[in-house]
Amino acid sequence: MDAARFQLAATPFDVATLRAGLLDPGVGAYASFEGWVRQHNDGRPVRGLRYEAYAALAATEGERILQQALQEFDILDARCTHRTGDLVVGELAVWVGVTAAHRAPAFAACRFVIDEVKARVPIWKHERYRGGQTTWLP
Amino acid sequence: MDAARFQLAATPFDVATLRAGLLDPGVGAYASFEGWVRQHNDGRPVRGLRYEAYAALAATEGERILQQALQEFDILDARCTHRTGDLVVGELAVWVGVTAAHRAPAFAACRFVIDEVKARVPIWKHERYRGGQTTWLP
Amino acid sequence: MTRATVLYFASLRDAAGIASEVVDSDAVDLAALYTQLRARHGFKLERDRLRVAVDATFATWQDKLREGSEIAFIPPVSGG
Amino acid sequence: MTRATVLYFASLRDAAGIASEVVDSDAVDLAALYTQLRARHGFKLERDRLRVAVDATFATWQDKLREGSEIAFIPPVSGG
């Protein structure tokens, strides 16, 4: 069996390697999305954050989303990796990569995957602010 | 002055380097698109292709598209690099990278840029097929 | 009484002060179990803001407690 | 007569057999210039499928020929 399409990464991960896993002579279009840690959220200065996951459920739910994308869009592959643990401003939090023959389904599926991951996968963001306060989002 | 946002590349170029040029602590969302050379086009087996550009006009028209994207969408930056010369199947033909605070405008602007580049920038694709035939597209 | 393991995440874990516990409960279903544990730990989250999972699969609040199962209450997620 | 440089790309270049040429023309505008050059080189592309550029800026077919300018006929593009 191939590596799972949805992965949690406890340490920084390399987008170039993930992208290389999607290379295929049938691909004409590669759409990707990355979430990076911003220095502000809702006007508050962010120092960093921690992502916590319910790993077993996140894996099955993430995989389900990618399988749905493969069924609903005319694409060749779809993958997603999400960080857990402590991140600082500027760090990569999540990557979605989708390949297709043509660009319209690649874009649509990429958007679908990140929207569904944010809505459904059991991962929680704990933000640390300058000044020392912290909060769970949302 | 910064490097131009729109670039032509006569040789293979590195996406990781271009992406790194967009790093900024205000970025929450990075959307990218890449066009790769497919082994088939309209059912014909492609051996490779050549992109030819009217470089001076391509540069100004490409830059105009990226400036339009910056005006029309709530994004932080938008860049595009397009290959010229001979490419084989699997090679990277074009890259678009867009950064924003949030994902909706990043996706929308990325789609806008690739659509406009394909429609307006004076670059022509010359395909070589197995069997030796060639043709200019479209 | 049914014995099950309960997992806590994010704000629920902070409120409970523990990441998991083994409970013996007479709750008729998962909804009733949350009501009991909410009272015990002082959770602020209303049940309708949560989802519930059993053995790492989403479940419904009307599902019965199963002996030896692993139950998780899922606060609103915020990945991505 | 006005002297200008004309650039050919893609299928126009293949048909002309040259990438550029210097022309002396009495064409009243760029549309008339294309008609003359189309007859000379046997271009198949109708004018309404092309755009025209002068000195690396898009122009209109009604623009006059300017002495010393660089004119390009732009076939349908296919980048990306």
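For clarity, chains are labelled A, B, C and D in written order, and residue numbers in each chain start from 1.
Here is the rule we go by: a residue touches a chain if its C-beta (ideal position, glycine included) is under 8 Å from a C-beta of that chain, and two chains touch if they have at least 3 such contacts.
Here the structure is a predicted model, which means the values were calculated and not measured.
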Give the chains in contact with both subunit A and subunit C, ordered by label.
none
Using mean Cα positions as chain centres, tell me which chain lies farthest from subunit A.
D
Can you give the whole-Å distance between the Cα centres of subunit A and subunit B?
23
Could you put a whole-Å number on the gap between the CA centroids of subunit B and subunit C?
49
Chain centres from averaged Cα atoms put subunit B and subunit D apart, in whole Å, by 26
Subunit C: which residues touch two or more other chains?
none
Which subunit B residues reach two or more other chains?
35, 114
Touching pairs of chains, which are they?
A-B, A-C, B-D
Please name which positions on subunit C make contact with subunit A in the complex.
7, 9-11, 14, 53, 56-58, 72, 74-80
Which stretch or stretches of subunit A touch subunit B in the complex?
15-16, 19, 23, 25-40, 89-90, 101, 103, 106-107, 110-111, 114
In the complex formed with subunit D, which residues of subunit B make contact?
35, 51-54, 56-57, 60-61, 82, 93-94, 114, 117-126, 136-138
